[in-house]
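The two complexes that follow have subunit A in common; it is paired with subunit B in the first and with subunit C in the second.
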Partner chain A sequence: MSPLLGVRDLAVTFGAQRPLDDVGFRVERGEILGLVGESGSGKSITAMTVMGLLPLVGGRVAAGSIRFEDTELVGLEEPAYRRLRGGRIALITQNPMTSLDPMVRIGRQVDRGARLHLGLDAATARARTLELMERMRIPDAARVCELHPHQLSGGMKQRIVIAMALSGAPDLLIADEPTTALDVIVQAQIVQLLVELVREQRLGLVLITHDMGLVAQACDRVAVMYCGRIVESGPVDTMFAAPRHPYTRALTACIPRPGLRHGDLVGIPGAVPSVAEMPTGCRFHPRCADAMPTCRQHAPRSVAIGADHAVACRLVEPAPEAAP
Partner chain B sequence: MTKYAIRRVLALLPVFLVVTGIVFLLIHLVPGDPIDNLVRAGSDPEQRAAIARAYGLDRSLVEQYLTWMGHLAQGDLGTAIVQRRPVADLIAENIGYSLALGGSALAFSAIVGVLAGVVAASFQDRPLDRMLMGAALIGSTVPSFWLGLLMILLFAVELGWVPVSGARHWTSVILPAATVGLAGMALVARVTRIAMVQTARADFVTLLHANGVSRFAIQSRHLLRHALVPVLTLLSLRIGLIVGGSVTVEYVFARPGLGSLLIRAINQRDYPVIQGCLLMLAVAVMLGTLIGDLLQAAMDPRQREEQRS
Partner chain C sequence: MTPVLSVRGLGHAFDAPGGGLFGGKRRFRAVDDVTFDLPKGEILGVVGESGCGKSTLARLVMRLYEPTDGEVLFEGNPITHLSRHELRPLRRYLQMVFQDPYASIDPRQTIAEALSEPFEVQRVYLSRAERRAEIERLLALVSLDPAMARNHPHHLSGGQRQRVGIARALALKPRLIAFDEPTASLDVSVQAQVVELLLRLRAELNLTYLFISHDLALVDYLCDRVMVMYLGRVVEILPSRARARHPYTRALIDAAFVPDPKARRTIDRVTGEIPSGFADLPGCAFAARCPEAVAECRRVRPPLVGDGRRAVACHLAPPIAEISES
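Here is the complex of A and B:
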């Protein structure tokens, strides 16, 4: 059976720049894929690309394929894409403060998805909205429906945004840093809600984040992005127990853990290069402690090194355990 | 909302008092007086003093102000010194023309301006957008007296569609209204366009797209509503401007109106008329601001909240 979402060899261009190159990952029903990377690694662009919203920000798919079940999304006509958006694939944005229309009452904003994609009338849509809001543990849902966004806290707003995403009964959720703007306790609650949703309703979830702790806590599989490429992907356990790519190793080393003494936690030297001046060869080589001369010239291909575990690094290619 | 409205109206009272003081002082501090227009050159000081006494001009400014305010409180604007008629009558005669011109100019700039702005925003950075914005730039920089003359030449003299001047028939308001309205239209178009373009970048609009709402529905139902907030503020601020601000255009088209009345009164130093006219204009500006605030509060829930705290 084909996966819920399968992305292969995806490349995106903005004019002469190419912020995404050779991106591939897949998500199954009932699975949470963590898409991890630093700011500027192309995570959000990946989200916009899957949603078919690249033209809004001035980008274009240059190559590759995005399959949603049996539908090819690259090159899909706008009317068909519009039915998918909100109806089959929904987006949860990262800033709940600005993600709701400040001039429209909460209830009407959540109703929209059901009215648009499920063809419900106003009363039935509102009943569904109340149900979803209770599902999101929003107290006093009927009253909240009559409020305007500025009357709610950030955590409440993010619950509303998730309820909005669920309104059209989608199969796939793409959550772009859904908890970044919230405080830690609220973060945990929101993540808990998302995980429950995925498990109960067998949704697919792409959880975009830079928070490795969140990944360890919530995800089934991880794809690590660096400078618009997936450098390593695999099951969470494997990735944390035995990360192979130097970048993944560095990232996991950045997670604070018990027993750590002052000064033990080290960052990754250097900074993410800008899209305008991408390094040649492996894009991580200027910051890589193990870089070899060949890394400067040749971009590594992604190779499978175990069940469901793939790495794009020259160091890994000849490794004996790569053989099946 | 009602509470908010009442508070806004009450807040205008002190403003009104300050305005009366400024209006009064402003003209009395200007050199010259209405007596110059009443007596022949070379008349003796005795005669001047008699006239001054008759109109109370010999008393102190404070006394004069209090008298004026006293009459004003009873709804009496006083009597014109030079034109020798009640100021209220003079204003009543002229304000209709001003309101007709101002109202149609405002309507013209609002409707055409918003439409042009919306079209420009939907074709952002494409030729149609550049064309409209270029036209708006020209519209807002061309002096209205010159534009008025050009329009008279074309539509009244060459084509003969509308009267050249005066205010006898309703068609005579078309050219002056278009002339006054064009500058406002250009401004409204630019504000509408920029507000729509800016709102289009907001996260909630991305989310609307992500929810499968069509581009047209987003533009017409969501972006336009946000864009109208600054446009309404702009238009309500122009209400005052438009009641008395079209003096040059009234002059070009030989139309009666509050502006012309005011200019004539200023030349004659006819204090009661100047005071009456300026007060009308000030009230128009205040009402405009009030209407703008109320409309904004009605449209944007955040506005109401902020005022409450």
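Here is the complex of A and C:
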């Protein structure tokens, strides 16, 4: 059976720049995929590409395929995309104010998805809105419907945005740093709600984040991005217990966690290069402690090294002559 | 030994418009009766959610804001009532590093100019050769290439800019540095570098830090002690990695995402969100959200009880003697 979302060999260009190259991943129903990486890794561009929003920012898909169930999204005409977007595929952004209209009452904004994509009349759509808001544990939902966004706290606004995303009954949610702007306790509450939703309604969720803690707590599978490429992907337990790509390993070693002593937090030398100055070969080689001369010249291909575990690193690739 | 910094009953309150068109003014307490000591060489972390007053506290200590109550003592001397003129010679010993280094460096200045500014402000005369040597010394301290002196801030990465911000704070050989979320806008791989740099600098230069952050795991790693704030008040001060006694501290720890998929957990102990700080609450500020609150918590404000190292403001907290250390 084909996955809910399957991305293969995806490359995106902005003029001469190529912020995404050879990106592939899949998401099944009822599954949470963590797309993790530092700034400039291409996570948000990946989200925009799947949502069909790339033309808005002047980018184009140069190669590859994005399949949503049986529909090919690359090259899909805008009217057809519009029926999917907000309906079957929904986006949750980091800053709720990029999704909320400051001039419109909350209720009307949440109603829209159901009216537009499910064809509900005003009263039925509002009933659905109240149900979704209660599902998001928004107290006193009927009163909140009459408020404007500025009257709500950040955590409450983010709950509204999630309710809005669910309004059109989507199958796939793409959440781009949905809790980054929130305080820890509210963040934990909202992540818990998202996880419950995915499990109950068998949604697919692409959770885009820079936070390895969030990945560990919420995701089933993880794809690590660096400079527009996926360097390693696999089940969350494998990725934390036995990461194979030097970047995944270095990234994990950068996170403060219980039991560390001063000096244990090594960091990764240098910084993420800008899109205009992408290194040749493996894009991580200038910062990699294990880099060999070949890493500078040849981009590594992603190879399967275990159950559902793939790595794009020449050090991991079994060389044919080295086989015993 | 006299602590580098002593804070006694410090408060910052202001009047805000009340509810409705003709509502009276309401007293808003951003920082409310904060007391602590910071001994020489220690790193004290200040954590709490947004709006808890941690950044305001740092600015009060630096006297960037004027306190409305209480006192700040630097090396035993009160500095709260000094005039701007009297404060000036002390400023070199009290430095602050902000979250966004781009906002604190003039984009038209070269790094060399940015690093010589503290000397000009404090009227420390340097010959050209001395100035060059100072800039080289400062760049070396924060592990930046001396050639970077000729660059402008936009040529630098976020991590490099923050190193410049730190170098500038070090220029006049400070004794206390307050950091306000210095790594919050950096990638984790760069944050780790900066955190290790701060540890090295403390050891080399015998510095004392006040470290403001929302990241409990980071504070636990870097700091010697942690002060937890809620709605302008200190709810607990405890050594890093010690067992928390205040329910709010425990809620913060429970809510933090541990980077280990084998240690997954659900949190539903604490519900709701931080109320706005307007209500001048008679009892404990956290009572409304606390899963353990009893009637007394809503009526009587719990005092901060403990010794100099460790204290808690909770009617229900077990005494230190009764908790087992992990």
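Here is the rule we go by: the second predicted complex is superposed on the first by the 316 of 324 C-alpha atoms of A that agree within 3 Å, B and C clash if a C-alpha of one lies under 4 Å from a C-alpha of the other, contacts with A are read in each partner's own complex, and residues count from 1 in each chain.
Here, a residue touches a chain if its C-beta (ideal position, glycine included) is under 8 Å from a C-beta of that chain, and two chains touch if they have at least 3 such contacts.
Since we're looking at a predicted model, the values are computed, not measured.
Trainee: Could you say whether A:His210 touches subunit B, subunit C, both of them, or neither, answering first, second, both or neither?
Mentor: Second partner only.
Trainee: Looking at subunit A, does subunit C or subunit B touch more of its residues?
Mentor: C
Trainee: Does the superposition put A:Gly267 against subunit B (first), subunit C (second), both, or neither?
Mentor: The second partner, subunit C, only.
Trainee: Quick check on the superposed pair: does A:Glu38 touch subunit B, subunit C, both, or neither? Answer first, second, both or neither.
Mentor: After superposition on chain A, A:Glu38 lies in contact with subunit C alone.
Trainee: Quick one: classify A:Gln189 as touching subunit B (first), subunit C (second), both or neither.
Mentor: In the superposition, A:Gln189 touches subunit C alone.
Trainee: Of the partners subunit B and subunit C, which touch A:His148 in the superposed model: first, second, both, neither?
Mentor: Only subunit B is touched by A:His148; subunit C is not.
Trainee: Between subunit B and subunit C, whom does A:Pro258 touch in the aligned arrangement: first, second, both, or neither?
Mentor: In the superposed model, A:Pro258 contacts subunit C only, not subunit B.
Trainee: Identify the residues of subunit A that lie in both the subunit B contact region and the subunit C contact region.
Mentor: In subunit A, nothing is touched by subunit B and also by subunit C.
Trainee: How about subunit A: which of its residues touch subunit C in the complex?
Mentor: Touching subunit C: residues 38-39, 153, 155-156, 183-189, 191-192, 210-217, 219, 236-237, 240, 250-258, 260, 262-263, 265-269, 271-272 of subunit A.
Trainee: Flag every residue of subunit A that touches subunit B in the complex, lowest number first.
Mentor: For subunit A paired with subunit B, touching residues are 51, 53, 56, 82-87, 90-91, 93, 95, 98-104, 112-113, 116-117, 148, 150-151, 161, 164, 167-168.
Trainee: Give the list of subunit B residues in touch with subunit A in this complex.
Mentor: Contact set of subunit B toward subunit A: 202-204, 206-214, 222, 225-226, 299-302, 305.
Trainee: Enumerate the contact residues on subunit C facing subunit A in the complex.
Mentor: Checking each residue of subunit C against subunit A gives 49-50, 157-160, 187-196, 199, 214-218, 220-222, 241, 251-252, 254-268, 270-271, 273-274.
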